[in-house]
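Before anything else, here's the structure in question.
All chains are identified by letter, namely A, B, C, D and E, in their written order; residue positions are counted from 1 within each chain.
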Amino acid sequence: MELVETDLGATLSTLLGLAWLIPLGSFVAILFFGPKMGPHGRNSAWVATGAIGTSFVLSLFAFGNWMVTHPPVSGHHGDDHGVSEEAGHDDHAAWDVQDRAGKTPASFVNFAEEHGEAASDGHADEHGDDHAEAHAADGHAEHHDDHGHGEHAAEKIAYSGDWYRLYSSPSLVLSIGWYIDSLTVFLFVMVTFIATCIHVYASGYMHDELHDITDHEVTLASGEHLHRPGRFPRFFQALSLFCFSMLGIVIAGNLAMVFMFWELVGICSWFLIGFYFERKSASTAANKAFIVNRVGDFGMLIGLMALWGALGTLHFGDSVSVDADGHQVVQPGLFSLVRPAENGHALQVPDGMVVAAAANRVGDIASVVSPEEARAVVEEQVSGWRARGYGNWLLVIAGLGIFCGCMGKSAQVPLHVWLPDAMEGPTPVSALVHSATMVAAGVYLTGRFYPVLSPDVLVVIAYIGAITLFIAATIALVCTDIKRVLAYSTVSQLGYMMLALGLGGWVAGLFHLVTHAFFKSLLFMCSGSVIHACHTNDMRRMGGLLKKMPYTGWTMLVGCLAIIGAGIPFSLGGLHIGLSGYYSKDAILAQALVYSRVNESHALLWYAAAGGAAMTAFYMFRLWFMTFLGEPRDEHVAEHVHESPAVMTAPLVVLAVMAVIAGWSIGPLGVAALLEQARPLGTAAGMTGGGLLTAAVTVPAEAASHAPEVHVYATWVAFATASSGVLLAAVFYVWRLINPGLIATTLRPVYTFLENKWYFDEIYEWIFVKPAHGVAMLASANDRGIIDSILHLVAWASRQLAAVDAWVDRVVVDGVVNTLASVTWSSGLRLRDLQTGRLRQYVMFIVVGTVAIFLLASMMLSTTVASP
Amino acid sequence: MNLLSDPVGVSHYLVVGALLFTTGVVCMVVKRNALGVLMGIELVLNGANVNFVAFGSPVLRGEQASLLGLDGQAMALFVILLAAAEAAVALAITLNFYNNHATVDVDRADDLKG
Amino acid sequence: MAEYLIQTVGLPEWLTWSLMAVLSAVLILNLMAGGALVFIWAERKVSARIQDRLGPTRTGGSFGWLQSLADGIKLLAKEDLMPEGADGMLFRVAPYVSFCASFAAFIGLPFAFDMVGLRLNVGVFYVVAVLGLEVFGVILAGYASASKWSLFGAMREAAQVVSYEVPLGMCIVVPVMLAGTMDLVTIGEKQAGWFTNWYLFHDPFTFVVFWVYVTCAVASVNRAPFDLAEAESELVAGFHTEYSGLRWSFFFMAEYSSMFLVSGLAAVLFLGGWNGPVPLATLAGLSEGTGETTGALVRLLGLANLLGKATLGVLIMMWIRWTLPRLRIDQVMTTCLKYCTPIAAAMFAGAMVWLWVFPGGVLNLDDGSRRPGEIREGWLEGPGGRAPAAATAPASIPAEEAVAEVAG
Amino acid sequence: MSQVIDDDPRIIEFDVRTDEMLVNMGPQHPSTHGVLRLVLRTDGEVVSEIEPHIGYLHRCAEKIGENISARQFIPYTDRMDYLAAMNMNLGWSLAVEKLMRHQVTEKARHLRVLISELSRIASHLVGMGAYGLDLGTFSPFLYAFREREKILDLFEEACGARLTYSYITVGGLTADLPPGWLARCEDFLNQFEPVIREYHTLLTTNAIFVKRTASIGVLSPELAINYGCSGPVLRGSGVDQDMRRDGESIYTAMYDGYAFEVAVMKDGHYPRDHVYPAVPHDAVLGDCWHRFFVRMLEVVQSMDLVRQAIDRYSACKGPLGEPVKVAEKIPVGDVYLETECPKGQMGFYLVGNGTAIPWRVRARSSSFSNLSVLAELCHGCLIADVPAIVGSLDIVMGEIDR
Amino acid sequence: MMQALVATHTLLAAGSPGINWHGFFFLLFALLACGLALAVVLADNVVRMAFYLVLSLGATAGLFFLAGAEFVGAMQLMIYVGGTLVLLIFGVMLTAQEPFVAIRTSTRDKVLAGVVGGALLAVLLQAALTGPAWSGHTAVDASAGVSQPTATPLGMALVGVRVDGDVASGQPSPVDGQVRSGYLLPFEIVSVHLLVVLVGAAYLARTKRRKSSASVRDEALTGVVR
């Protein structure tokens, strides 16, 4: 393939850039021509689907290019669920590939080479000691010895560059750029694939919108139901924009761009969740999602400001530019600032942050010496200050801030409240929002931003994740709305991902993101199919649907099995067999186990994860059993149930297949191995740190979780919890040995507590909304009572004064003005003769005037020249 | 300097430009037909253009032309383009005037007479 | 030749150069006049064959090949009438305006490599701009004739030609973009090699745009089905209703040479110019630069190629004329503004994207000597710098090998 | 003169205010089919009013007819519709025969059908070719004339003349067919049939042709009837009338036993006895395209009739019968008879007073009525549409001016 | 005219003209341009005025060619002479009714205009002739300048890239070390301006008129709106 010889970065950026922009084109096309595309805009579905399909194909091309150029190697800490044992470890081959790739110039940023050079030009000598100090302070020194994977740290392949610079100054470059590693490429494939499925599915699901529809959930003041024209094109228009935004986040090369598309995703979700905006609930839910996300984004903005203010760049990767002398100048990006190569890619507080934190001292220095000297002094001092902990807080704030945004997007407690409400949107939207796009964005960004997160932040992330997964799972236990169960399960699974990331399981978390995307979109689309058939969301009115909807039922079973991580917990002839969730969830559990072993005080995380697994199994199968097994509970619903059309079931089957195989590895080919390529530099090893927010923690290397003693144990625990959950569900809902209602009455307070979703909404109502109302009322009373009366007084006084003034006006001022006016009037009357209205005369005037000015000017000039 | 004996230079072009400009102005003044006035404007713009091109010409100013670079020619281009736009609008105005007054005599267009 | 005259014959330089200028002008003039004669004869024969008749057979022996000459003599002898109410000066001057515009446009058209009246770096632009002036003659004729039919014809012509210049320009921009230059010689040079290097086959967009160009070209030279300015069934004879004799014949010479010109332009822009479908000369190891005699031969071959292509274009226009009915003026404008312009614009965009995605082109069969599809090569040198042909042609591939390749 | 703009639907936008002008089209204009003079009142290219001026070809034919005997008048009918002189002859002959109560022989009847339908083909060929010419394409004209020449060759063989035949005459025909004529006629028909398909390709289905004719000059059936239009012009508007079927018995009796279907659009489609091109999407019933198409259909229809006539004629034994004497007396009484000529219904009126010379002769010209509708059709059309509309009416000035 | 151009360039390319051809053609075109411009003023007939204007502008294009601004020259031919004047003649014809073809101006106006014009000319000529004398010395080297491509740098400049020193790349001009900016923004402004102007002109030129009752009837009768 000739692409090897060309610049892969350019190829990938072109392909992925096209894949990214095509949905935008579709959006624009539908925006302007949507209603004209066939009857009622029917063809807009094909435009949108075609666009995202094309993106998918382009992404596949990019993926193929990537796989050919950088075939994943199954490292020894890679995924050992699959058949990697047989595949062997051909590290040398991998190195060869890297070396060849490393020769390509320009946008390909080979960290090892570039930074090697940078380190060798005397830079390292200056700061050698400081580095050692920093190592000692952060406890990073041992990470090579621990795991011996230092060489992998140099293997990270990423391409970055800018398409277009929006704004450029020494202190800030805003650009539309790309940062492409295997994570980007793979997420592109995944997002476009799932989005394609959802587009196809939606073109069937949304067919109601093709004609005028009566919305029975909206009652107008006249008592009639709302009757409105269909909004088919609008739906696909928003869908296209949504895909464009999500792909923009994925490909973004800098945080500013991420933030732009982050907000675009937010506004798209607002469009889509509020698609039925005439419904009060839908518009409220849309607003809620938007506002809750804004809360997170506020944090994100703080993070952005912290980074920009201290570091002056928002680029992920290094950017290469040519200066005036024609030399290539490497401007380090965030990653290399936080984890510089000369430091072995270990985390250190970047100079900028240190200096920013030590602003007082810098001021002191600057007040004594000249600016040049001050700079030198500051440079000397930086490592010392760093050792003393300057800037640690800034790094933590930056990390927390960015994570705050991720919390909003990925619905982490306490910002999770929007997600279940977001079910008000059409089901394809739910599938898209909850699998591939919006919520994935948060996890993705956490993963992308991972190198900058310090252990303190990671602990916070882990706890937030654990709390989220636990709370959401408990709520899901008692939900009866089929989509809400899935929604809470999404929240719970997102908690898992965050937990994994927080525990240092970078691959595990993102792996779960990928597998979850497949099976969760499958589950949502299945539920959509069920809702489409039953016209209700209430599981209590379903039951026994399996016979009537075989495709939906069985594919949903696949989805349920995948989400609970069903698999065989022991090796069958060297093969571990299981559905996709099996691999990813086990990886998370294993990581949690390692973590809890390393940090005894944080053992709670492990229990939360394991308990969550059991609950996941229970509520998922509760859902499936209630929906598909047993007898129909509501005859009315049951009698007109039918299987959905092929355009809806076909994506289900496709996704079901993906939900099964997404986690498999064949030889070196597998998601985990692929993600391993994208692992941020320096994160393969564990790290120790913290002390700011918690006691010092050790984040274990992810490879540690692959050790058999950990992994086997975790696998068995996962199996046990999952099967116990399934069994319990079966006991309740299939065999009916125990009446669930009885339990509910027995544990009434708990049940009510859970049914009310831990009273989050109420708490927020009391904490935020009510006080806000109160403040508003106070302000209003203040306005009316005090300020208004003062104003009235002033007004009265003014009137009295005005009466006096009026007399003066009428007599004195008016007299003057009238005189002036009459003078003007009479002079105008005389001057009007000059205004002949004759064009040619005006031209003449202009010419005469010009000549006169010239003459005058030359005269003046000559006199001034002559006079001295 | 003697224009007739010197090699052709910027000054020569300036003279031509001045002549065209003046002719255009006179045309604007003399013509009562709105279209004639319009043609006068075109001549004026054209005269200005000659100057621009002359100042930007590497042939006429040699090395010194680089002081102006392409600006002269680019300016001439813009003038040409805007002249086209101006002609379109002026013609539209003329036609409208003709529609309303059934004449193109600018002396009859004295609705704004003071 | 100039050197020869100066050095050997000893003519004064200014006289020599004037002679050379006059010579090239006369050559083009002859091409126009002679071409018009030939084409008028061809039109009669072609139309006759299309209509199942023989056409002129007697004048000048067989084929009636002297018919046009006889007609010309008749026209010379005819009285040049002028209507009473006509604006005499404009009436007289109008045919020459048309003719001069058509003539002047030929200056920029290359007939073979570097065989061009004046190699301008804005060649395409110049040709189109000057050709557009032809419409003035028609408008003046229509106005000055003091005939309502003529006025109708002139108005139609003005509207039509001005409108069609837009899509025509857009079509022309496509090859200009591909070549990266407006210099016609360079554009032709870029298409050297096998016929797959022709811009017609460069990509699907250029293929489409060529046909748009054909449509617009036919329209801009006022040939059926766009011959509204002289629509004989509606406007008697349109703008030249009142013309007779020599003045009338000038209009016709202008029309036929414009046809030839747009065909030649099509040949240079899309059909490889003077490069044949098979690079015979290159295969034989020859090029313009290999020597005085062979170079001249190669140029003559190129000249034959271009004349052949242009003549083919003219014949196709004749074929169209004798087959299709005439469009109505509003339909002509619709065709231009609603079809040709958007299609040309879209194709332009498409070609741009194509160029971006496949920078090297797709179909290029490289004959080994020239690199087709290279953009901007030497654009800074401009027409003053020699095209790469002379430098690279003979050395890079031995003739035997090339022949063997083809044979194999 | 600017108007106050309101929602009045009668106010429309014009591009530029222009002044109307009067334009003379003809009598020496290439596309007015002879010496018709049209005075157009145009606003730019838009025709606001059109007024036909006729009479440039007036020869007092009717008055002459009142001074010569009925058979002597036959050559004058030749010169009415000189493109279909046979049909003129037939019309006059039948009218006189009706007054005389004269019955021609069976053989003569079939020969008359044969000849008049051939003549109809010849006439429509001119109409078709000239219509192409009107629309700016020259070649179909010559193709049409090539075929017409072949018909004229046949006529020449039969009667010795190529344009003014005087072949069909009162009481029969002047002569029987020469030997071998029928075979040559068959040859012609066989050769001609595929040529029609070419015409359809060249004109009927040609995109430009369709653009120029479809929805142009739409003549509503009511208007057509009100103006007395007839022939293809009437049938092109969808009115199902054909004198050969609906006429007086003395005329329809001529076609007894002949199978033909009137070429008119019924229920949205034309008779489907041959493979015709489909009606284009843009065409509206009653527009130029339909008028043209009806003529093309009638060519095929006439070919059918000619074939049938050849069979029947060759089956007839016995003599052709002699025409009446030149000085045969005409009975007292008046008679009016309309026949279906290629251009429409041609009527002859004569009053006999017992002598050989008719006391009154009048002709009703189909082209005259058809032309009278022109002003209605051309209102608001473009100048380029005027030839298209005039051509679609297929008028002959000789018949109008007489 | 164009024929003459061939000769000019051939001569200039030769480098050593026997007589000053550049001067000769300059004089020719200058006289043509000025003389025809004068003819525009003196002519009474509008169409003739337009015709003279076309020729004058064409001659100016010739001057541009001589000054080495080929692109501008071709542009002048295409847009100015081609586009603008066709537009103008269109207008002339649309409004050309007998009484308006020639509107006489009073002699008083003419004399006045002559005086004022003369004054203006004097001022302008004064400015033209007292400027720095760049002229002359470089014109002989015109052969080098003539063949320089003018279209490409100009086109590049219009899209914002200056070949002769560029802001985007920070490269100064090789000649004077100045960093120049391209014309992308003015170009865009002019584009939008043109669009707006054309739309405006189209709107302005339209007029409302009452449809005649006959056409209403026609429309109702045929159901066809044309």
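Criterion: contacts are C-beta pairs under 8 Å (C-beta built on N, C-alpha and C of every residue); 3 or more make two chains touch, one makes a residue touch a chain.
Computed from a prediction, not measured in an experiment: that's the story for all the values here.
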Report task. Tell me which chain's centre, taken as the mean of its C-alpha atoms, is farthest from chain A. Result -> D
Query raised in the report: If you tally contacting C-beta pairs, which pair wins, C-D or A-B?
Result: C-D
Query raised in the report: Between chain C and chain D, what is the separation of their C-alpha centroids in Å?
Result: 47
Report summary line: CA centroids of chain A and chain B: separation to the nearest Å works out as 59
Requested in this report: Could you give the separation in Å between the centres of chain B and chain E, each centre being the mean of its C-alpha atoms?
Outcome: 8
Report summary line: Separation of the C-alpha centres, chain B versus chain C, in whole Å, is 33
Query - Of all residues in chain C, the ones touching two or more other chains - result: 155
**Report entry** In chain B, residues with contacts to at least two other chains
**Finding:** 25, 29-32, 95, 98-99
Query - Touching two or more other chains - residue numbers and ranges from chain D - result: 2, 16-17
Report summary line: Listed in rising order, the residues of chain E that touch chain B in the complex are 20, 22-23, 26, 30, 33-34, 37-38, 40-41, 46, 49-50, 53, 56-57, 60, 63-64, 66-69, 71-72, 75-76, 79-80, 83-84, 87-88, 90-92, 94-95, 100, 103-105, 109-110, 112-114, 116-118, 120-121, 124-125, 127-129, 131, 133-142, 145-146, 148, 150, 153-154, 157-158, 162, 164-165, 173, 175-176, 180, 183, 186, 190, 193-194, 197-198, 200-205, 207
**Report entry** Interfacial residue positions of chain E with respect to chain A in the complex
**Finding:** 109, 112-113, 116-117, 119-120, 123, 127, 170-171
Requested in this report: Quick one: which bits of chain C touch chain D in the complex? Just the residue numbers, please.
Outcome: 47, 50-53, 148-149, 152, 155-156, 224-225, 227-228, 231-236, 322-331
Query - In the complex with chain E, residue positions of chain B that touch it - result: 1, 3, 6-27, 29-33, 35-36, 38-40, 42-43, 46, 49-50, 53-54, 56-64, 66-67, 69-70, 72-74, 76-78, 80-89, 91-96, 98-99, 103-105
**Report entry** Interface residues, chain A side, partner chain E - complex
**Finding:** 324, 840, 844, 847-848, 850-851, 854-855
